[in-house]
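Each of the next two complexes has chain A plus one more chain, namely chain B in the first and chain C in the second.
Up next is the complex of A and B:
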(Lines of atoms letter the chains of each structure in order from A and count residues from 1; the text may use other names and numbers.)
(Lines give C-alpha, C1' and ligand atoms only; values in the text may rest on other atoms or scores of the structure.)
Protein backbone atom coordinates (compact mmCIF):
# COMPACT_ATOMS: atom_id res chain seq x y z
CA UNK A 1 0.00 0.00 0.00
CA UNK A 2 1.39 3.39 -0.96
CA UNK A 3 1.91 5.58 2.04
CA UNK A 4 2.97 9.18 1.34
CA UNK A 5 4.62 10.74 4.38
CA UNK A 6 2.53 13.89 4.34
CA UNK A 7 -0.63 11.84 4.59
CA UNK A 8 -0.98 11.72 8.36
CA UNK A 9 -3.61 8.93 8.70
CA UNK A 10 -0.92 6.54 7.45
CA UNK A 11 0.94 7.04 10.68
CA UNK A 12 -2.10 6.72 12.90
CA UNK A 13 -4.07 3.98 11.15
CA UNK A 14 -1.54 1.13 11.45
CA UNK A 15 -1.68 1.38 15.25
CA UNK A 16 -5.12 -0.16 15.22
CA UNK A 17 -4.50 -2.78 12.52
CA UNK A 18 -3.90 -5.74 14.82
CA UNK A 19 -6.18 -8.55 13.57
CA UNK A 20 -7.38 -9.43 17.06
CA UNK A 21 -8.32 -5.84 17.78
CA UNK A 22 -10.29 -5.47 14.56
CA UNK A 23 -11.95 -8.84 14.97
CA UNK A 24 -12.92 -8.07 18.55
CA UNK A 25 -14.44 -4.71 17.65
CA UNK A 26 -16.42 -6.34 14.84
CA UNK A 27 -17.67 -9.06 17.16
CA UNK A 28 -18.57 -6.41 19.72
CA UNK A 29 -20.90 -4.86 17.14
CA UNK A 30 -22.51 -8.25 16.66
CA UNK A 31 -22.80 -8.75 20.40
CA UNK A 32 -24.68 -5.45 20.73
CA UNK A 33 -26.93 -6.43 17.83
CA UNK A 34 -27.69 -9.77 19.42
CA UNK A 35 -28.52 -8.03 22.68
CA UNK A 36 -31.11 -5.96 20.80
CA UNK A 37 -32.56 -9.10 19.25
CA UNK A 38 -32.83 -10.82 22.63
CA UNK A 39 -34.41 -7.74 24.17
CA UNK A 40 -36.97 -7.67 21.37
CA UNK A 41 -37.67 -11.38 21.84
CA UNK A 42 -38.23 -10.97 25.56
CA UNK A 43 -40.41 -7.92 25.03
CA UNK A 44 -42.54 -9.84 22.55
CA UNK A 45 -42.73 -13.09 24.49
CA UNK A 46 -46.50 -12.65 24.83
CA UNK A 47 -47.20 -11.26 21.36
CA UNK A 48 -49.35 -13.73 19.38
CA UNK A 49 -47.70 -14.91 16.18
CA UNK A 50 -44.30 -13.33 16.97
CA UNK A 51 -41.33 -15.27 15.61
CA UNK A 52 -38.06 -14.93 17.50
CA UNK A 53 -35.26 -13.03 15.75
CA UNK A 54 -31.50 -13.52 15.96
CA UNK A 55 -28.29 -12.59 14.17
CA UNK A 56 -28.33 -14.13 10.69
CA UNK A 57 -26.48 -17.47 10.86
CA UNK A 58 -24.62 -16.82 7.60
CA UNK A 59 -22.66 -13.99 9.28
CA UNK A 60 -20.39 -16.36 11.22
CA UNK A 61 -19.61 -18.58 8.23
CA UNK A 62 -19.00 -15.60 5.96
CA UNK A 63 -16.73 -13.90 8.53
CA UNK A 64 -14.77 -17.09 9.06
CA UNK A 65 -14.25 -17.67 5.36
CA UNK A 66 -13.12 -14.07 4.81
CA UNK A 67 -10.65 -14.26 7.70
CA UNK A 68 -9.30 -17.63 6.53
CA UNK A 69 -8.81 -16.03 3.12
CA UNK A 70 -6.60 -13.52 4.93
CA UNK A 71 -8.63 -10.46 3.98
CA UNK A 72 -9.08 -8.54 7.21
CA UNK A 73 -10.51 -5.38 5.61
CA UNK A 74 -13.20 -7.43 3.84
CA UNK A 75 -13.94 -9.14 7.13
CA UNK A 76 -14.42 -5.84 8.96
CA UNK A 77 -16.64 -4.53 6.19
CA UNK A 78 -19.04 -7.41 6.71
CA UNK A 79 -22.28 -6.27 8.33
CA UNK A 80 -24.37 -8.49 10.56
CA UNK A 81 -28.15 -8.28 10.34
CA UNK A 82 -31.10 -9.69 12.18
CA UNK A 83 -33.39 -12.29 10.69
CA UNK A 84 -36.21 -14.49 11.83
CA UNK A 85 -34.86 -17.61 13.51
CA UNK A 86 -36.08 -20.42 11.28
CA UNK A 87 -34.84 -23.11 13.71
CA UNK A 88 -37.10 -21.98 16.54
CA UNK A 89 -40.32 -23.94 16.71
CA UNK A 90 -43.48 -22.72 18.27
CA UNK A 91 -44.62 -24.69 21.30
CA UNK A 92 -47.73 -22.63 21.82
CA UNK A 93 -51.14 -22.39 20.13
CA UNK A 94 -50.69 -18.65 19.34
CA UNK A 95 -47.68 -19.33 17.09
CA UNK A 96 -45.19 -17.40 19.26
CA UNK A 97 -41.78 -19.09 19.05
CA UNK A 98 -40.11 -17.34 22.03
CA UNK A 99 -39.01 -19.49 24.98
CA UNK A 100 -38.26 -17.09 27.79
CA UNK A 101 -35.80 -19.30 29.70
CA UNK A 102 -33.71 -19.95 26.62
CA UNK A 103 -33.72 -16.21 25.87
CA UNK A 104 -32.44 -15.46 29.38
CA UNK A 105 -29.72 -18.07 28.93
CA UNK A 106 -28.71 -16.51 25.62
CA UNK A 107 -28.67 -13.09 27.23
CA UNK A 108 -26.29 -14.26 29.94
CA UNK A 109 -24.07 -15.91 27.39
CA UNK A 110 -24.06 -12.79 25.28
CA UNK A 111 -23.15 -10.70 28.32
CA UNK A 112 -20.11 -12.89 29.05
CA UNK A 113 -19.02 -12.57 25.44
CA UNK A 114 -19.49 -8.82 25.54
CA UNK A 115 -17.40 -8.53 28.71
CA UNK A 116 -14.64 -10.65 27.22
CA UNK A 117 -14.56 -8.65 23.99
CA UNK A 118 -14.44 -5.33 25.85
CA UNK A 119 -11.57 -6.76 27.89
CA UNK A 120 -9.67 -7.62 24.70
CA UNK A 121 -10.24 -4.13 23.30
CA UNK A 122 -9.33 -2.24 26.45
CA UNK A 123 -6.24 -4.39 27.01
CA UNK A 124 -5.07 -3.68 23.48
CA UNK A 125 -5.53 0.05 23.97
CA UNK A 126 -3.82 0.05 27.38
CA UNK A 127 -0.86 -1.82 25.93
CA UNK A 128 -0.55 0.65 23.08
CA UNK A 129 -0.74 3.57 25.46
CA UNK A 130 1.99 2.03 27.62
CA UNK A 131 4.17 1.48 24.55
CA UNK A 132 3.68 5.08 23.42
CA UNK A 133 4.10 6.93 26.70
CA UNK A 134 6.48 4.49 28.39
CA UNK A 135 4.71 4.75 31.72
CA UNK A 136 1.75 3.03 33.28
CA UNK A 137 -1.49 4.83 33.99
CA UNK B 1 2.45 -28.67 43.08
CA UNK B 2 2.01 -27.94 39.41
CA UNK B 3 -0.17 -24.98 40.30
CA UNK B 4 2.41 -23.47 42.64
CA UNK B 5 5.28 -24.26 40.28
CA UNK B 6 3.74 -22.22 37.49
CA UNK B 7 3.42 -19.10 39.61
CA UNK B 8 6.23 -16.63 39.42
CA UNK B 9 8.45 -18.48 36.98
CA UNK B 10 8.65 -15.36 34.85
CA UNK B 11 10.46 -13.04 37.28
CA UNK B 12 12.84 -15.72 38.51
CA UNK B 13 13.85 -16.60 34.96
CA UNK B 14 14.72 -12.97 34.33
CA UNK B 15 16.52 -12.56 37.64
CA UNK B 16 18.66 -15.65 37.05
CA UNK B 17 19.78 -14.27 33.72
CA UNK B 18 20.87 -10.95 35.19
CA UNK B 19 24.63 -10.62 35.57
CA UNK B 20 25.65 -10.39 39.21
CA UNK B 21 22.64 -12.30 40.45
CA UNK B 22 24.92 -15.12 41.54
CA UNK B 23 27.33 -12.78 43.34
CA UNK B 24 29.57 -12.27 40.28
CA UNK B 25 31.83 -9.25 39.89
CA UNK B 26 29.46 -7.52 37.49
CA UNK B 27 29.17 -4.14 39.28
CA UNK B 28 32.93 -3.61 39.54
CA UNK B 29 33.26 -4.57 35.88
CA UNK B 30 30.87 -1.82 34.95
CA UNK B 31 32.47 0.72 37.26
CA UNK B 32 35.93 0.06 35.81
CA UNK B 33 35.54 0.15 32.06
CA UNK B 34 39.33 0.37 31.58
CA UNK B 35 39.89 -2.99 33.30
CA UNK B 36 41.41 -5.50 30.87
CA UNK B 37 38.84 -7.86 29.42
CA UNK B 38 38.74 -11.45 30.58
CA UNK B 39 40.30 -10.89 33.99
CA UNK B 40 37.42 -12.54 35.82
CA UNK B 41 37.44 -15.66 33.66
CA UNK B 42 34.06 -16.09 31.96
CA UNK B 43 32.80 -12.60 31.20
CA UNK B 44 29.28 -11.98 32.50
CA UNK B 45 26.62 -11.45 29.86
CA UNK B 46 26.43 -7.78 28.93
CA UNK B 47 23.26 -5.90 29.62
CA UNK B 48 22.48 -5.61 25.92
CA UNK B 49 22.09 -9.35 25.46
CA UNK B 50 20.15 -9.67 28.72
CA UNK B 51 17.71 -7.03 27.56
CA UNK B 52 17.60 -8.63 24.14
CA UNK B 53 16.53 -11.91 25.71
CA UNK B 54 13.94 -10.08 27.76
CA UNK B 55 12.49 -8.41 24.69
CA UNK B 56 12.21 -11.70 22.83
CA UNK B 57 10.65 -13.38 25.87
CA UNK B 58 8.06 -10.62 26.03
CA UNK B 59 7.48 -10.93 22.31
CA UNK B 60 6.91 -14.69 22.64
CA UNK B 61 4.43 -14.08 25.43
CA UNK B 62 2.57 -11.51 23.34
CA UNK B 63 2.38 -13.89 20.40
CA UNK B 64 1.13 -16.72 22.60
CA UNK B 65 -1.54 -14.46 24.08
CA UNK B 66 -2.69 -13.23 20.69
CA UNK B 67 -2.81 -16.80 19.33
CA UNK B 68 -5.00 -17.96 22.21
CA UNK B 69 -7.22 -14.89 21.93
CA UNK B 70 -7.52 -15.42 18.21
CA UNK B 71 -8.67 -19.00 18.77
CA UNK B 72 -11.32 -17.81 21.21
CA UNK B 73 -12.50 -15.03 18.90
CA UNK B 74 -12.76 -17.43 15.98
CA UNK B 75 -14.80 -19.83 18.07
CA UNK B 76 -12.22 -22.64 17.86
CA UNK B 77 -11.87 -22.65 21.62
CA UNK B 78 -14.15 -21.66 24.48
CA UNK B 79 -11.40 -21.19 27.07
CA UNK B 80 -12.09 -17.52 27.75
CA UNK B 81 -10.16 -17.60 31.02
CA UNK B 82 -7.01 -18.91 29.32
CA UNK B 83 -7.14 -16.02 26.92
CA UNK B 84 -7.65 -13.46 29.69
CA UNK B 85 -4.80 -14.95 31.74
CA UNK B 86 -2.49 -14.99 28.73
CA UNK B 87 -3.34 -11.37 27.95
CA UNK B 88 -2.72 -10.30 31.54
CA UNK B 89 0.59 -12.16 31.64
CA UNK B 90 1.71 -10.62 28.38
CA UNK B 91 0.69 -7.20 29.68
CA UNK B 92 2.62 -7.59 32.91
CA UNK B 93 5.70 -8.89 31.06
CA UNK B 94 5.52 -5.91 28.73
CA UNK B 95 5.19 -3.56 31.67
CA UNK B 96 8.21 -5.15 33.34
CA UNK B 97 10.22 -4.56 30.18
CA UNK B 98 9.14 -0.93 29.86
CA UNK B 99 9.81 -0.29 33.53
CA UNK B 100 13.29 -1.84 33.26
CA UNK B 101 14.04 0.40 30.31
CA UNK B 102 12.78 3.43 32.24
CA UNK B 103 15.02 2.63 35.19
CA UNK B 104 18.05 2.11 32.98
CA UNK B 105 17.54 5.40 31.18
CA UNK B 106 16.92 7.10 34.51
CA UNK B 107 20.13 5.77 36.00
CA UNK B 108 22.07 6.79 32.90
CA UNK B 109 20.75 10.32 33.22
CA UNK B 110 21.59 10.30 36.92
CA UNK B 111 25.17 9.33 36.09
CA UNK B 112 25.46 12.01 33.44
CA UNK B 113 24.30 14.64 35.92
CA UNK B 114 26.93 13.60 38.44
CA UNK B 115 29.64 16.27 38.95
CA UNK B 116 33.07 14.84 38.13
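Up next is the complex of A and C:
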Protein backbone atom coordinates (compact mmCIF):
# COMPACT_ATOMS: atom_id res chain seq x y z
CA UNK A 1 0.00 0.00 0.00
CA UNK A 2 1.39 3.41 -0.91
CA UNK A 3 2.04 5.90 1.82
CA UNK A 4 -0.61 8.67 1.93
CA UNK A 5 0.75 12.04 0.93
CA UNK A 6 -0.12 13.91 4.11
CA UNK A 7 2.14 11.76 6.28
CA UNK A 8 5.27 12.85 4.54
CA UNK A 9 7.95 10.99 6.49
CA UNK A 10 6.16 7.69 6.44
CA UNK A 11 7.45 5.51 9.25
CA UNK A 12 4.62 3.21 10.08
CA UNK A 13 4.21 1.63 6.69
CA UNK A 14 7.60 -0.08 6.42
CA UNK A 15 6.70 -2.30 9.35
CA UNK A 16 3.56 -3.48 7.59
CA UNK A 17 5.34 -3.77 4.29
CA UNK A 18 8.18 -5.94 5.46
CA UNK A 19 8.29 -9.15 3.41
CA UNK A 20 8.03 -11.33 6.47
CA UNK A 21 4.94 -9.55 7.73
CA UNK A 22 3.23 -9.72 4.38
CA UNK A 23 4.12 -13.34 3.83
CA UNK A 24 2.91 -14.24 7.31
CA UNK A 25 -0.44 -12.59 6.72
CA UNK A 26 -0.73 -14.36 3.37
CA UNK A 27 0.03 -17.73 4.93
CA UNK A 28 -2.40 -16.99 7.74
CA UNK A 29 -5.15 -16.65 5.13
CA UNK A 30 -4.04 -19.95 3.63
CA UNK A 31 -4.23 -21.69 6.99
CA UNK A 32 -7.81 -20.45 7.44
CA UNK A 33 -8.62 -21.76 3.97
CA UNK A 34 -7.08 -25.11 4.84
CA UNK A 35 -9.13 -25.26 8.03
CA UNK A 36 -12.25 -24.85 5.88
CA UNK A 37 -11.12 -27.62 3.57
CA UNK A 38 -10.52 -29.94 6.52
CA UNK A 39 -13.92 -29.05 7.98
CA UNK A 40 -15.47 -29.99 4.65
CA UNK A 41 -13.52 -33.27 4.53
CA UNK A 42 -14.47 -34.31 8.05
CA UNK A 43 -18.10 -33.33 7.48
CA UNK A 44 -18.17 -35.55 4.41
CA UNK A 45 -16.19 -38.43 5.89
CA UNK A 46 -19.13 -40.73 5.26
CA UNK A 47 -20.57 -39.35 2.07
CA UNK A 48 -20.19 -41.92 -0.71
CA UNK A 49 -18.06 -40.73 -3.61
CA UNK A 50 -16.72 -37.66 -1.86
CA UNK A 51 -13.09 -36.83 -2.72
CA UNK A 52 -11.03 -34.95 -0.18
CA UNK A 53 -10.10 -31.37 -0.97
CA UNK A 54 -7.03 -29.41 0.06
CA UNK A 55 -5.16 -26.24 -0.74
CA UNK A 56 -3.78 -26.67 -4.25
CA UNK A 57 -0.22 -28.05 -4.04
CA UNK A 58 0.96 -25.68 -6.76
CA UNK A 59 0.50 -22.81 -4.28
CA UNK A 60 3.55 -23.82 -2.24
CA UNK A 61 5.73 -24.45 -5.29
CA UNK A 62 4.68 -21.21 -6.93
CA UNK A 63 5.25 -19.25 -3.71
CA UNK A 64 8.69 -20.77 -3.27
CA UNK A 65 9.72 -19.97 -6.81
CA UNK A 66 8.52 -16.38 -6.49
CA UNK A 67 10.40 -15.95 -3.20
CA UNK A 68 13.53 -17.43 -4.74
CA UNK A 69 13.15 -15.03 -7.62
CA UNK A 70 13.17 -12.26 -5.01
CA UNK A 71 9.85 -10.82 -6.13
CA UNK A 72 8.02 -10.25 -2.86
CA UNK A 73 5.10 -8.30 -4.28
CA UNK A 74 4.40 -11.11 -6.71
CA UNK A 75 4.71 -13.64 -3.88
CA UNK A 76 2.20 -11.86 -1.67
CA UNK A 77 -0.21 -11.42 -4.54
CA UNK A 78 -0.47 -15.17 -5.05
CA UNK A 79 -3.94 -16.52 -4.30
CA UNK A 80 -4.45 -19.97 -2.82
CA UNK A 81 -7.37 -22.06 -3.96
CA UNK A 82 -8.85 -25.42 -3.10
CA UNK A 83 -8.62 -28.43 -5.35
CA UNK A 84 -9.46 -32.06 -5.17
CA UNK A 85 -6.57 -33.99 -3.68
CA UNK A 86 -5.56 -36.27 -6.54
CA UNK A 87 -2.95 -38.06 -4.42
CA UNK A 88 -5.49 -39.36 -1.94
CA UNK A 89 -6.17 -43.02 -2.47
CA UNK A 90 -9.54 -44.42 -1.71
CA UNK A 91 -9.42 -47.47 0.51
CA UNK A 92 -13.16 -47.83 0.65
CA UNK A 93 -15.68 -49.39 -1.68
CA UNK A 94 -17.84 -46.25 -1.80
CA UNK A 95 -15.08 -44.17 -3.41
CA UNK A 96 -14.70 -41.76 -0.50
CA UNK A 97 -11.08 -40.72 -0.04
CA UNK A 98 -11.28 -39.15 3.43
CA UNK A 99 -9.25 -40.75 6.21
CA UNK A 100 -10.49 -39.24 9.42
CA UNK A 101 -7.31 -39.77 11.45
CA UNK A 102 -5.08 -38.07 8.93
CA UNK A 103 -7.59 -35.22 8.65
CA UNK A 104 -7.51 -34.69 12.41
CA UNK A 105 -3.71 -34.75 12.40
CA UNK A 106 -3.60 -32.22 9.58
CA UNK A 107 -6.08 -30.06 11.44
CA UNK A 108 -3.83 -30.00 14.51
CA UNK A 109 -0.79 -29.29 12.42
CA UNK A 110 -2.63 -26.50 10.66
CA UNK A 111 -3.58 -24.98 14.00
CA UNK A 112 0.02 -24.92 15.19
CA UNK A 113 0.93 -23.23 11.91
CA UNK A 114 -1.85 -20.70 12.42
CA UNK A 115 -0.71 -20.04 16.00
CA UNK A 116 2.83 -19.50 14.85
CA UNK A 117 1.88 -17.13 12.06
CA UNK A 118 -0.46 -15.07 14.20
CA UNK A 119 2.35 -14.85 16.76
CA UNK A 120 4.71 -13.55 14.07
CA UNK A 121 2.20 -10.89 13.08
CA UNK A 122 1.55 -10.05 16.71
CA UNK A 123 5.25 -9.59 17.37
CA UNK A 124 5.48 -7.19 14.45
CA UNK A 125 2.73 -5.03 15.90
CA UNK A 126 4.22 -5.25 19.39
CA UNK A 127 7.52 -4.02 18.02
CA UNK A 128 5.77 -1.03 16.56
CA UNK A 129 4.11 -0.32 19.89
CA UNK A 130 7.45 -0.65 21.64
CA UNK A 131 8.92 1.87 19.24
CA UNK A 132 6.10 4.32 19.87
CA UNK A 133 5.75 4.05 23.61
CA UNK A 134 9.29 3.11 24.50
CA UNK A 135 8.18 0.25 26.72
CA UNK A 136 7.18 -3.29 26.10
CA UNK A 137 3.72 -4.65 26.83
CA UNK B 1 -15.33 -12.97 5.92
CA UNK B 2 -16.47 -15.62 8.27
CA UNK B 3 -14.64 -15.32 11.58
CA UNK B 4 -15.01 -18.92 12.64
CA UNK B 5 -14.25 -20.47 9.32
CA UNK B 6 -16.00 -23.57 8.16
CA UNK B 7 -18.54 -23.49 10.96
CA UNK B 8 -21.48 -23.67 8.55
CA UNK B 9 -20.01 -26.78 6.94
CA UNK B 10 -19.63 -28.46 10.31
CA UNK B 11 -23.10 -27.47 11.47
CA UNK B 12 -24.61 -29.43 8.61
CA UNK B 13 -22.50 -32.44 9.48
CA UNK B 14 -23.38 -32.29 13.17
CA UNK B 15 -27.07 -32.11 12.32
CA UNK B 16 -26.79 -35.03 9.93
CA UNK B 17 -24.95 -37.22 12.45
CA UNK B 18 -27.44 -36.34 15.14
CA UNK B 19 -30.33 -37.39 12.92
CA UNK B 20 -28.49 -40.65 12.36
CA UNK B 21 -28.10 -41.16 16.12
CA UNK B 22 -31.82 -40.49 16.54
CA UNK B 23 -32.67 -43.08 13.92
CA UNK B 24 -30.36 -45.64 15.52
CA UNK B 25 -32.07 -44.96 18.85
CA UNK B 26 -35.44 -45.46 17.19
CA UNK B 27 -34.32 -48.74 15.60
CA UNK B 28 -32.91 -50.08 18.87
CA UNK B 29 -36.03 -49.01 20.77
CA UNK B 30 -38.17 -50.93 18.30
CA UNK B 31 -36.23 -54.21 18.20
CA UNK B 32 -39.24 -56.05 19.61
CA UNK B 33 -42.08 -54.02 18.13
CA UNK B 34 -44.31 -56.45 16.31
CA UNK B 35 -47.14 -54.05 15.69
CA UNK B 36 -46.69 -50.53 14.44
CA UNK B 37 -49.37 -47.96 13.54
CA UNK B 38 -49.92 -49.86 10.28
CA UNK B 39 -50.46 -53.11 12.19
CA UNK B 40 -47.25 -54.67 10.90
CA UNK B 41 -43.87 -55.34 12.44
CA UNK B 42 -41.44 -52.43 12.64
CA UNK B 43 -39.00 -52.07 9.79
CA UNK B 44 -35.64 -50.49 10.45
CA UNK B 45 -34.98 -47.04 9.07
CA UNK B 46 -31.84 -46.18 7.15
CA UNK B 47 -30.40 -42.67 6.86
CA UNK B 48 -28.60 -41.62 3.71
CA UNK B 49 -26.44 -38.53 3.40
CA UNK B 50 -25.86 -36.21 0.52
CA UNK B 51 -23.42 -33.36 0.04
CA UNK B 52 -24.67 -29.84 0.05
CA UNK B 53 -22.87 -27.17 -1.90
CA UNK B 54 -21.88 -24.42 0.50
CA UNK B 55 -20.10 -21.96 -1.68
CA UNK B 56 -18.32 -21.97 -4.94
CA UNK B 57 -14.73 -20.85 -5.01
CA UNK B 58 -14.24 -17.77 -7.12
CA UNK B 59 -11.07 -18.85 -8.90
CA UNK B 60 -12.52 -22.01 -10.45
CA UNK B 61 -11.22 -24.11 -7.57
CA UNK B 62 -12.99 -26.87 -5.73
CA UNK B 63 -16.09 -25.77 -3.88
CA UNK B 64 -16.74 -26.36 -0.19
CA UNK B 65 -19.34 -28.95 0.58
CA UNK B 66 -21.36 -29.64 3.65
CA UNK B 67 -23.53 -32.65 4.25
CA UNK B 68 -27.20 -33.14 5.01
CA UNK B 69 -29.61 -35.98 5.45
CA UNK B 70 -30.94 -36.84 2.01
CA UNK B 71 -33.69 -39.20 3.06
CA UNK B 72 -34.77 -41.68 5.66
CA UNK B 73 -35.81 -44.91 4.01
CA UNK B 74 -37.18 -48.13 5.38
CA UNK B 75 -35.16 -51.28 5.09
CA UNK B 76 -37.43 -53.70 3.22
CA UNK B 77 -35.58 -56.91 4.05
CA UNK B 78 -37.92 -59.31 5.86
CA UNK B 79 -37.34 -59.81 9.55
CA UNK B 80 -37.17 -63.08 11.36
CA UNK B 81 -40.31 -65.16 11.80
CA UNK B 82 -40.41 -66.96 15.09
CA UNK B 83 -42.80 -69.56 16.40
CA UNK B 84 -44.70 -68.21 19.41
CA UNK B 85 -48.42 -69.14 19.41
CA UNK B 86 -49.01 -67.30 22.71
CA UNK B 87 -47.99 -63.98 21.21
CA UNK B 88 -50.97 -61.65 20.55
CA UNK B 89 -49.61 -60.86 17.08
CA UNK B 90 -49.08 -64.48 16.10
CA UNK B 91 -50.65 -65.57 12.82
CA UNK B 92 -52.92 -68.56 12.34
CA UNK B 93 -49.85 -70.78 11.98
CA UNK B 94 -48.42 -69.52 15.30
CA UNK B 95 -45.60 -67.57 13.62
CA UNK B 96 -44.80 -64.00 14.64
CA UNK B 97 -43.18 -61.56 12.22
CA UNK B 98 -40.34 -59.83 14.09
CA UNK B 99 -38.74 -56.49 13.10
CA UNK B 100 -35.70 -56.68 10.84
CA UNK B 101 -33.53 -54.80 13.34
CA UNK B 102 -30.12 -56.35 13.91
CA UNK B 103 -28.66 -55.07 17.18
CA UNK B 104 -25.08 -55.64 16.05
CA UNK B 105 -25.57 -53.44 12.96
CA UNK B 106 -27.24 -50.77 15.02
CA UNK B 107 -24.44 -50.70 17.59
CA UNK B 108 -21.81 -50.37 14.89
CA UNK B 109 -23.83 -47.56 13.33
CA UNK B 110 -24.18 -45.92 16.73
CA UNK B 111 -20.45 -45.94 17.37
CA UNK B 112 -19.61 -44.70 13.87
CA UNK B 113 -22.11 -41.88 14.14
CA UNK B 114 -20.94 -40.75 17.57
CA UNK B 115 -17.27 -40.86 16.49
CA UNK B 116 -18.09 -38.79 13.43
CA UNK B 117 -19.98 -36.36 15.66
CA UNK B 118 -16.94 -36.08 17.95
CA UNK B 119 -14.61 -35.48 15.02
CA UNK B 120 -16.83 -32.66 13.80
CA UNK B 121 -16.99 -31.20 17.28
CA UNK B 122 -13.22 -31.12 17.46
CA UNK B 123 -13.23 -29.22 14.17
CA UNK B 124 -15.48 -26.62 15.78
CA UNK B 125 -13.21 -26.42 18.82
CA UNK B 126 -10.18 -25.99 16.63
CA UNK B 127 -11.81 -23.31 14.50
CA UNK B 128 -12.79 -21.45 17.62
CA UNK B 129 -9.26 -21.57 19.03
CA UNK B 130 -7.94 -20.27 15.74
CA UNK B 131 -10.44 -17.43 15.77
CA UNK B 132 -9.53 -16.53 19.36
CA UNK B 133 -5.86 -16.55 18.44
CA UNK B 134 -6.59 -14.25 15.52
CA UNK B 135 -8.41 -11.85 17.82
CA UNK B 136 -5.36 -11.76 20.09
CA UNK B 137 -3.12 -10.42 17.34
CA UNK B 138 -1.32 -7.34 18.59
CA UNK B 139 -2.32 -7.78 22.21
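One rule holds in what follows: the second predicted complex is superposed on the first by the 124 of 137 C-alpha atoms of A that agree within 3 Å, B and C clash if a C-alpha of one lies under 4 Å from a C-alpha of the other, contacts with A are read in each partner's own complex, and residues count from 1 in each chain.
As a working rule, a residue touches a chain if its C-beta (ideal position, glycine included) is under 8 Å from a C-beta of that chain, and two chains touch if they have at least 3 such contacts.
Fair warning: this is a prediction, and the values are worked out from it, not measured in the lab.
In the superposition on chain A, A:36 contacts chain C only, with no contact to chain B. Legend: residue contacts after superposition of the two complexes on their common chain; A:126 is shown touching both chain B and chain C.
When the two structures are aligned on the shared chain, A:118 is found in touch with chain C, with no touch to chain B. Contact with chain C, but none with chain B, is seen for A:50 once the two complexes are overlaid on the shared chain. By the touch criterion stated above, A:27 is placed in contact with chain B alone, chain C being left untouched.
By the touch criterion defined above, A:105 reaches neither chain B nor chain C.
Taking chain B and chain C in turn and counting the residues of chain A each one touches, the greater count comes from C. In the superposed pair of complexes, A:69 makes contact with neither chain B nor chain C. On chain A, the patch touched by chain B and the patch touched by chain C overlap at residues 126. Only residues 18-20, 23-24, 27, 60, 64, 67, 112, 116, 119-120, 123, 126-127, 130-131, 134-136 of chain A touch chain B when the two sit together in their complex.
Across the complex, chain A meets chain C through its residues 28, 31-33, 35-40, 42-47, 50, 53, 56, 79, 81-84, 100, 103-104, 107-108, 111, 114-115, 118, 121-122, 125-126, 129. On the chain B side of its complex with chain A, the touching residues are 66, 69-70, 72-75, 80, 83-84, 87-88, 91, 94-95, 98-99, 101-102. Within the complex formed with chain A, the residues of chain C that make contact are 5-7, 9-10, 12-13, 49-51, 54, 57, 59-67, 112, 115-116, 119-120, 122-123, 126-127, 129-130, 133-134, 136-139.
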